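Order as written gives the chain letters A, B, C and D; numbering starts at 1 within each chain.
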Amino acid sequence: MFGLDNKDTRMLIIVAVLTLFAPFILNPFPTGSAMAQFNAGYPDLMQRFVIFGIFAIGFNILFGLTGYLSFGHAAFLGVGSYSAVWMFKLLSMNVVPAILLSVAISGLFALLIGFVSLRRSGIYFSILTLAFAQMSFNLAYSVLTPITNGETGLQLTLDDPRILGVSATADGSIPVTSLFGLEMRSTFEMVVGPWAFQFNVGYYLCALVLLAAFYLSIRIFRSPFGMMLRAVKSNQQRMNYTGLNTKPYTLAAFVISGMYAGLAGGLMASMDPLAGAERMQWTASGEVVLMTILGGAGTLIGPVLGAGFIKYFENIFSKINDTVLHNWFAFMPDGLEDFVVFIVHPFIGKGWHLTLGIMFMLVVVFLPGGLVEGGQRIGKWVKGRKNKDDSTSATKTPAE
Amino acid sequence: MSKSDFSRRGVLKTGALAGTGLALPTIFTASSAAAFTNDPTGSSVTLGFNVPQTGPYADEGADELRAYRLAVEHLNGGGDGGMMNTFSSKELQGNGILGKEVKFVTGDTQTKSDAARASAKSMIEKDGAVMITGGSSSGVAIAVQGLCQEAGVIFMAGLTHSNDTTGKDKKANGFRHFFNGYMSAAALAPVLKNLYGTDRNAYHLTADYTWGWTQEESIAAATEALGWNTVEKVRTPLAATDFSSYIAPVLNSGADVLVLNHYGGNMVNSLTNAVQFGLREKVVNGKNFEIVVPLYSRLMAKGAGANVKGIHGSTNWHWSLQDEGSQAFVRSFGTKYGFPPSQAAHTVYCQTMLYADAVSRAGSFNPCAVVEALEGFEFDGLGNGKTLYRAEDHQCFKDVLVVRGKENPTSEFDLLEVVEVTPAAQVTYPADHPMFAGGALGSCNPGA
Amino acid sequence: MDAILLQILNGLDKGSAYALIALGLTLIFGTLGVVNFAHGALFMIGAFCAVTVQRLLSLSYEMVDESQKDFLGNPLKVKTPYVESWFGPEIGGTIIDWAVPIAILFAIPIMVLIGFVMERGLIKHFYKREHADQILVTFGLAIVLQEVIKYFYGANPIQTPSPEALSGVANVGALLGMDIVYPVWRIVYFFFSVAVIGAIFSFLQFTTFGMVVRAGMADRETVGLLGINIDRRFTIMFGIAAAVAGLAGVMYTPINSPNYHMGMDFLVLSFVVVVVGGMGSLPGAVLAGFLLGILESFASMNEIKSILPGIDQIIIYVVAIIILLTRPRGLMGRKGVMEE
Amino acid sequence: MGILEVKNVGKRFGGLQALGDVNLSVKENTVHAIIGPNGAGKSTLLNCLVGKLIPDTGSVMFDGQSVLGRKPFEINQMGISRVFQTPEIFGDLSVLENMMIPCFAKRDGAFSLNAISSVPAQKDVLEKAEAMLEEMNMADKRHMHSASLSRGDKRRLEIGMCLSQEPRLLLLDEPTAGMARADTNNTIDLLKEIKEQRDITIAIIEHDMHVVFSLADRITVLAQGTPLVEDDPQNIRGNPKVREAYLGESA
């Protein structure tokens, strides 16, 4: 289907089902129950899941296929966001031109930086991209404030021109982002018993874009171009002596992944029209590296998983405070309760960085293939057991 | 097709009506149930405390959280009531807000505008918070204030000192209790004049981002009005850790006053470096060289240790104040946590009380009603003397403290001493002052 | 003229910190071939060794003094450090005052131990893995280390002053008949760095151990074939590199109050220094450290900033980009190191 | 006029004259071996032919066109394929994929942004690659990870990859270095087969005299950066100068 083989089609369908039913899947616990803390099915976080998924998918096209480790990809996301917000400020609140512009501008920016950085490889390439991104961040935070609004981040105001729209709505507010009138923030609520599920227009736009981006990345992975990129990673010398020019291949991969980052940035600004300079900081670039590796670099679905994982941590784990902990463990005797809270305390709430760092090290050390490898190992283990019990069990290919 | 932008609490009620079991999908209309975002319909109301828990301001964030917990305890009738007893408005009864128990959720801003907005959004969308408060930097405060305006909830700013928060970036749904760069300058100028005279040459080192610029502008304007000459204004990168290369040129610049428009880690390092270079012992033009840190923070001063001795600056509040409100607050905070509160803790405690009081007076959680109740509200007993929440820009006008690093501290908390309490009248500026020009409050947004 | 000399001096002073950190990083890269993103964290831990020593020395017992009141109006608990009660206030006070230099003695074994544990426990499993994996795992380690420090010491900077005798300023221009004052401790730091760098170089140059390590840096396999256990020596080198980073951190504390993220602040910068100097070149790292220190100092002069706004924000990166594009092996790197 | 004409090529590295004044003419459809002791400049010469090095003096013409100043991939696209001393293949890719890449390079040129169509849809390339694997007797290994092949198989694969580009000149850099005798003989047989069945010119740098004399139509002996002598194999065998300079020490 869609020009994909069966395995890829199955994966695309799985991703489609997961994203389209995310409001259900991410809200497994009834509202108001103690476990509701772990629900992630609210619009902002769901949007972040898919937006960072797109970012990581794009990053993976560069890193996973060619092996070039860019430490400056956040710069493209930032540039995309700034472009989109400027579009909202100057043209209209429609997200389509904003997203198109952000993809185009970050593509150009990536072309420029990639052209220079790709003259080197290995760690030199990493340092070059890092240097460019840090320059962008430092300048955006300070001297470029007229364009970026520096520390605060670029945001909409009541006196923006918006030539195809209105500067302010009738009741004196800043208009909201929309897709031809369909407001991004509109949320449809569905209440089933004690559960409440939220269906947000913005989320579904992001989800559809994610599916398109994911589909495109499958096509790229399975195309001759994708094969060439893997060949670049494998042996550049052989590439050169096989009559293939590696430069345009790596540059094309760099620009494509830069455009993915710009797309993510544009979507982010469309969901929440503010572009902060921190989006471009090297630690933000590091974050997408972490996502990709955590999920499994070079695999199709890994980066999406990694992105979801890290964003879940950032948004859910960081909100668990001691009060919440005490509530959870209230059933225990007092002394034990305090002890358990004391033990768990450093790892949750403000300690979420620590937990993330530990998990990350564990993954790099024990699961170089990331969560996908973990899944495959479990799959194999289960299969092995099954085969023991029942030799006729159907073989299931683990999701790549 | 109907929509509701940020309403969850309202939904719950409908959900309950629909009953358990397999209910029909309830598509919800804004007009029928909720008049505003996150209308608390149950027996409790949720507030969102959004403070930096990771990153360089994590300690200030932690102190803010302590104050928030204390405020919630007091609002719900626990503890000794703290400043609720000294507050001039007597609406709060210790039975929650409007009889609803106060609950709270916390989040991590990471001192990044993006992360702060994400955190605030989750509080609004997921936890049903009806008010967001907190923050320890202006960039974050402005970003979250913008978000709250769009979402239709009230934002009670925490520690934010930039003129822009209630200047060009002011919002109808946002309120600031903390003072700002202009007020620092207005409070400091007369003191500086008394101490150092009118014939001075000032050298500014300024953190190169919006807050630094507005403060530099304010201080330069105020000191130039005294007759001081501004020798040089040098911008320093936010990421700088060693300021020696910026301090070194001061030595031979002919300046006799160094103004450090830095905050947080920048302030600690630039001050430490300045003292290292012997600036405090230096004599220029026959006058003792002086250093001024316009925005002081005790938590940060601790990092600079003995280097703060004798150096002047301004602060929003200090625990050594002897008025009834301050004493009550220090007592309940100190008893609970074992050390005195910081100015960040104080301002967020006040903000929580002010919000709760405004809701009680308005009789509604509706943001527009709260805005109306807060606008032009005059109060006393919260540690800063008589205070006005000005309607035009949602800025509090109150006394500003000029403080000095103490020469002989008696304890690790006793780092600053209050030199002067500059009365509110002296730091008040017209709402259309050029330094605050360029934005509009807009109208209050109840969301939904 | 004075201003320029002062900036050169300042550049050397800044550069000495960069050189020390980059030296350790290069030792690790050159010997083990490992790109260590946790090196900044080692620097930070060194700084917190000083904080810990200061705290240990100031451990106090409390006595209630009825005549004074604390902030709640209760009788003040006066703290007296044990060392003061043991050695008398004068000697005790001096011991506390000299906490940072004393911390050097404390930091060396601690840092070497941390280095050993890190190398044996983690890094050694990554010799054969890709550089990307090394970067990632050490980056994860750096996050963990700084979060642990934050958990125990908080996020705010902690002041650790230099001894009274070594604070203040000295007029270094007096010899030249000029008036150039400079903080004493920074001069101490500079000479300390030079001494450490000198010690490392002579160690590598004049001892058998050093010769083997240098040979190993040049050609690990051959040395291994000679039947020399190079791995054990490399472990020791890792310990030494950690100690160098730690010492740089200890001595840095009076210059800037240490905080938990100071390592990350230096991380990117130290990599730029190493790359500019040439991956794997020790003299290159030192040279580049001083060079970048001086360039940074000049870039922060207002005269230069008025021509190129914001240059001080990006100077380090601009230099890195120019060097990498025109001379990828760095100032003094051997050709071919990591060029493919 | 040979297909490859090297005229007066010199190359200096610092104080070392690696190549003095090399003249070489490789005739079309012959196997031309370049031999010489270590340090004679064989590899330098080869690198000058494929664009890795640019000689200081002289000219290198391939089929009437200069190759100097061109990048390796451009020279390859002109019709020169190179086999390395240690097999250079795409270790992370399967054997079939390895074989497809040169076919794509032949069909689409040095760069093609063929990012949407899928690999299996490229029927022509697939067929060609399969056929070449068949020819190399490697069809049964087509789905193997190429890094796990034996050294001999890697060599076969690399040669197959070069052949699938239908080059006019095949350069072999000590193709049997480090190989066991059996693998060496297999490689010799393979090269003989290639020579007989294809319109191809082969230039081979080799240490192993057994290989050289089994294959070469013409031999150039290089010593200290200059050609000592160029002649037919039987004459080389008997040439005392060559014996002295080269064979003597290896015998």
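We adopt the following convention: a residue touches a chain if its C-beta (ideal position, glycine included) is under 8 Å from a C-beta of that chain, and two chains touch if they have at least 3 such contacts.
Everything numeric in this text was worked out from a predicted model, so none of it was measured.
Q: Need the central chain here, defined by C-alpha centroid distance to the all-chain C-alpha centroid.
A: The chain sitting closest to the overall C-alpha centre is A.
Q: Please name the chain that ends up farthest from chain D once chain centres are defined by their CA atoms averaged.
A: Between chain D and every other chain, the largest centroid distance is to B.
Q: Counting contact pairs per chain pair, which pair wins?
A: Pair with the most C-beta pairs in contact: A-B.
Q: Just the number, please: Cα centre separation of chain B and chain D in whole Å.
A: 74
Q: Between chain A and chain C, tell me the centre distance in angstrom, where each centre is the average of that chain's C-alpha atoms.
A: 35
Q: From the C-alpha centre of chain C to that of chain D, how far is it in Å?
A: Chain C and chain D have C-alpha centres separated by 52 Å.
Q: Please list all residues of chain C that touch 2 or more other chains.
A: 310, 313
Q: Can you list the residues of chain B that touch 2 or more other chains?
A: 58, 208, 235, 237, 239
Q: Using the contact definition from the top, classify how the chains connect: line, ring, star, complete or other.
A: It is other, because the touches fit no line, ring, star or complete pattern.
Q: Pairwise, which chains touch?
A: Pairs of chains that touch one another: A-B, A-C, A-D, B-C.
Q: Considering only the defined contacts, which chain B positions touch chain A in the complex?
A: Answer in residue numbers: 3-8, 11-12, 14-15, 18-23, 25-28, 53-54, 58, 61-62, 65, 69, 105-108, 112-115, 117-119, 121-122, 125-126, 137-139, 142-143, 146-147, 149-150, 164, 169, 208-211, 235, 237-239, 439-440, 442-443, 445.
Q: Please output the residues of chain D touching chain A within their complex, sorted ascending.
A: Per the stated touch rule, the residues are 50, 71-74, 76-77, 81-82, 84, 88-93, 97, 100-102, 104-106, 108-122, 125, 161, 165.
Q: Note which residues of chain C are touching chain A in the complex, please.
A: 35, 122, 125, 129, 131-133, 135-137, 139-144, 147-148, 151, 264, 268, 271-272, 275, 279, 309-310, 313-314, 316-318, 320-321, 324-325, 328, 338-340
Q: Which residues of chain A touch chain D in the complex?
A: Listed in rising order, the residues of chain A that touch chain D are 3-5, 219-220, 222-228, 230-231, 233-235, 237-246, 248-249, 252, 256.
Q: Quick check: in the complex, which residue numbers of chain A touch chain C?
A: Chain A reaches chain C through residues 63, 67, 69, 116, 119-124, 126-128, 130-132, 134-135, 138-139, 142-143, 236, 282-283, 286, 289-290, 293, 346, 351, 353-354, 356-358, 360-361, 364-365, 368.
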